[in-house]
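There are two complexes below, and they share chain A, which is joined by chain B in the first and by chain C in the second.
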Partner chain A sequence: MRYTPAGLPVRHFSLSHDSEQIEAGFQRKIQCKVPAMAVADAAQQMKELALGDMVRIDGFLAQKSRMGTQLVLHVKQIQLLERG
Partner chain B sequence: MRYTPAGLPVRHFSLSHDSEQIEAGFQRKIQCKVPAMAVADAAQQMKELALGDMVRIDGFLAQKSRMGTQLVLHVKQIQLLERG
Partner chain C sequence: MTAAKPIIARIVLDVPLDSLFDYRAEGLAEDDIGRRVLVSFGRRRAVGVIVGLADRSGVAENKLKPVLHVFRDLPPLPADILHLLRFCADYYQHPLGEVVLNALPQRARRSEAIAAPPPQCFLLSTGGREIRLDDLPARASVQRRLLLRLQQGALCRADLADFGSQGSKVLRDFIARGWAEAATMTPSVPLAPTTAALPELNPAQAEAVQRILAETDAFHPWLLHGITGSGKTEVYLRLIESILAGNGQVLVLVPEINLTPQLEERIRRRFPRQNRVSLHSGLNETERLSHWQQAAEGRADIVLGTRLAVFTPLPRLKLIIVDEEHDSSYKQQDGLRYSARDVAVMRARERSIPIVLGSATPALETWHNSQSGRYALLELPERAAYQAAPPAVHLIDTRRAKPEQGLSAPLLRAIAERLERREQSLVFINRRGFSPVLMCNACGWLSACPRCSSKLVVHLRERQLRCHHCGHETHIPASCPDCGNTDLSPVGHGTQRVEEVLAEHFPSARILRIDRDSTRRRHSLRAMLAQVHDDEVDILVGTQLLAKGHDFPKLTLVGILNADGALYSTDFRASERLFAQLLQVTGRAGRAALPGEVLIQTDFPSHDLYLTLQRHDYNAFADSLLAERRQADFPPFCFQALLRAEATQLSEAMAFLAKAVKAGLSLNRPVTLYDPVPAQMTRLAGRERAQLLVQADSRKTLHDFLQAWLAGLREKASQRVRWSIDVDPLDFY
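What follows is the complex of A and B.
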């Protein structure tokens, strides 16, 4: 586990997303990987998760760094849906 | 207006987001720019919008290209909240 300068545990991970979405009347299969991070309680919760577990995440997107354009999903709540 | 190979109008734009979020018990100011695109009806709707208008967007994230890692927000619904 890593820690922020303020001493909070932080966990960086990659979220793989699969879904089907309707766009312009057509169904399309969506697959994407979203860089994600969890701080404090959310980071602790992630210790119980293993690679391949299916989760539902609520959170917000923010820029990874002040100058960069890469987005990272900040986890506010994570819910285990199914063991991988 | 550009068109997809199937002849659907498509509009690429950059969405500027500002909000305050709570993370690990601390309030933080979030600013980010999200690459976005709208196809068909959503693209037509965007013709009525001007730079600086405040909007609420519902949609989904997907990879910009098959091999890349950059994410793009696909607009499903766009709602004008306030003229810029």
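What follows is the complex of A and C.
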């Protein structure tokens, strides 16, 4: 956990995703890892979670910095689906 | 019988008008010149100072108002001081009334008379002289020590500190019992021969002392150029001793109040029985007045003060010492923009006494004077402690050894070595706060000051953004004011951040940060310096507060961060200042038995300035800078004045200066008028500023031009534009 200069807690983590999707009529497997972060209440909520927990996330994508193209998933809401 | 002619008093008042005011003053005599008076001025009453008497006035007799009261509670300003003040008003183009009134302690500018000051000195009474040491209980050690001391002669209030916290209570007790009494005047104590062994002078120190003392009753300006740690202070002390023995007063000027404790302490220890007073802005009004009064009445033997002390009347003045003469704080930056060093030289000339300008890095102007023979040069080329050599200076190329969090690996290693050897390190970074700016990585927003063209500095611990120029303060915003991003980043390093990074690297080290924020409380700096001396600190992080004058025997490493900034400056004095500052900081390392090392982090390890610094070669650096200045026709090879204007809108200030250029050109004098330009920091505290530089080949030409030019400008004065003139400006902002 780190803090912004104004004192808000920030938590960085990575999310892994596993699913099957249809693309051009073909079913395909999707596996990916997305860098994510949570600020303030969402960051506090992260404390309850452990590695491997399955969660449902509501949030948005934003650029990590103005200078690069890397994206980060910002978490607005997080819901525990299943303990890992 | 003819009626006595009415006497007219010519009075100056603290008003921005360059004129004298006539008042009727029967019964005043020549020796009242310099006294404060109360007069009615317009609808109010004001305190003024008599600067002359006349028997007629340009004002019709029935319109003349009388002097309401003549204050006789303080000695009048003596003729030499009035003369000096007139010179300053004239040279710096400032109204005489403001100059004169500002030379008085605040208390003396008020319309109430001054109550007699509390007694400063105490003696045994007739009854007290009968008391034997054995009459006091053996356990009353403070009483016994105080009695012993009083038996040796008068005791000054300032020396009560020697008796601990009980001192003043025990003294009051003595007075109540009728053993001690206040002495109305400080009895002149003959200079007691020092009993303690004095440090031996090295040949250069001895020669300096001898040459200065060879002729003390004529004006002799000396430049005492001694490398850091060469024992300039010891030379001062020997000079003071000799002057005091001849019953003279000594004025010692120091640049900043923060430098005063150490020198003050050394003077106190060397001359415990002499009456020493200090004069600086850290005193309260009562102390200031009392000290000024003791100086002006000739009771104080040594006056130690900052620039404002240069105007203190000193009837027995026989020597002036200006320590760290290159320091820019000798220059006042508002009101009367005088240079206390230059005024001190003028004062010494008027009084026909020697003046010693001391520095390891003399101002280029002073150096030039010493090269051209106007000042005599005395060099102290060796460190006084005979084992001590100047520290080795190494440059860390930060393009290769990329610093992490501001600190490069070689510097961290060097600090670790010092920790192991139980020696002290200093990390110097001339920037206080956590980081100089707060930035939004998402949109590029920067924490700008709403009132200045500057950035707000992050003070993380206080969760504040502060403007170091206008004092504006605000909370650190929880999210970016432009785009809403919460994850704002402090960019760059200040002392607080360096302190934090060091604490992460060296968790068990005792780290002390010394900057203006950590020393805000009165006497806190003194306490912190004591901690360093008592070996309670391993790593010091500090700003220029630590750069000069301090003598820490266990400090063997100085790390310098962020020095490169000044290399980019547009100010032609930036490199002179940077070199002086670095040489001063460098001088903190290895002053006693332990050898010192200096590490400078820089992107430009082959820059001439750093290479000269590595050789500790001030003379070579000064000579090459002088050659540059000569080529560019910059000071000290020309004389400058800066006309500054400010208004709510830049355009108004610029328009005023454009008019001023026109007026200046029409005078047709051999001066160069540059174009008006916006100040580098255009906005300050909500006002927008511009400036105009004037340059001439001689002081006289410049002065004559200014006289004529400014008289014209004063007539055109407008409410919307405020302007000021700075003769011999040091800062172009």
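Simple rule for what comes next: the second predicted complex is superposed on the first by the 84 of 84 C-alpha atoms of A that agree within 3 Å, B and C clash if a C-alpha of one lies under 4 Å from a C-alpha of the other, contacts with A are read in each partner's own complex, and residues count from 1 in each chain.
Assume a contact is a pair of C-beta atoms (placed from the backbone, for glycine too) under 8 Å apart; a residue touches a chain by one contact, two chains touch by 3 or more.
The shown structure was predicted, so the numbers you read here are calculated from the model rather than taken from an experiment.
Visitor: Is chain A touched at more residues by chain B or by chain C?
Guide: The partner with more contacted residues on chain A is B.
Visitor: For A:Leu8, is the partner it touches chain B (first), chain C (second), both, or none of the two (neither)?
Guide: both
Visitor: Go through the superposed model and pick first if A:Ser19 touches only chain B, second if only chain C, both, or neither.
Guide: Touch status of A:Ser19: first partner only.
Visitor: Could you say whether A:Ala40 touches chain B, chain C, both of them, or neither, answering first, second, both or neither?
Guide: In the superposition, A:Ala40 contacts both chain B and chain C.
Visitor: Per the contact definition in the header, classify A:Gln63: touching chain B only (first), chain C only (second), both, or neither.
Guide: Both chain B and chain C are touched by A:Gln63.
Visitor: State whether A:Leu71 touches chain B only (first), chain C only (second), both chains, or neither.
Guide: first
Visitor: Could you look at A:Gln27 and tell me whether it touches chain B, chain C, both or neither (first, second, both, neither)?
Guide: In the superposition, A:Gln27 contacts neither chain B nor chain C.
Visitor: Chain A residues touched by both chain B and chain C?
Guide: Comparing the two interfaces on chain A, one with chain B and one with chain C, the shared residues are 8, 39-40, 62-63.
Visitor: Chain C touches which residues of chain A in the complex?
Guide: Against chain C, chain A makes touches at 4-8, 10, 37, 39-40, 62-67.
Visitor: Given the complex with chain A, which residues does chain C contribute to the contact?
Guide: Checking each residue of chain C against chain A gives 438, 441-444, 458, 460, 463, 475-479, 486-490.
Visitor: Which chain B residues qualify as touching chain A in the complex?
Guide: Contacts found on chain B: 8, 17, 19, 21-25, 30-34, 39-42, 60-63, 69, 71, 74, 76.
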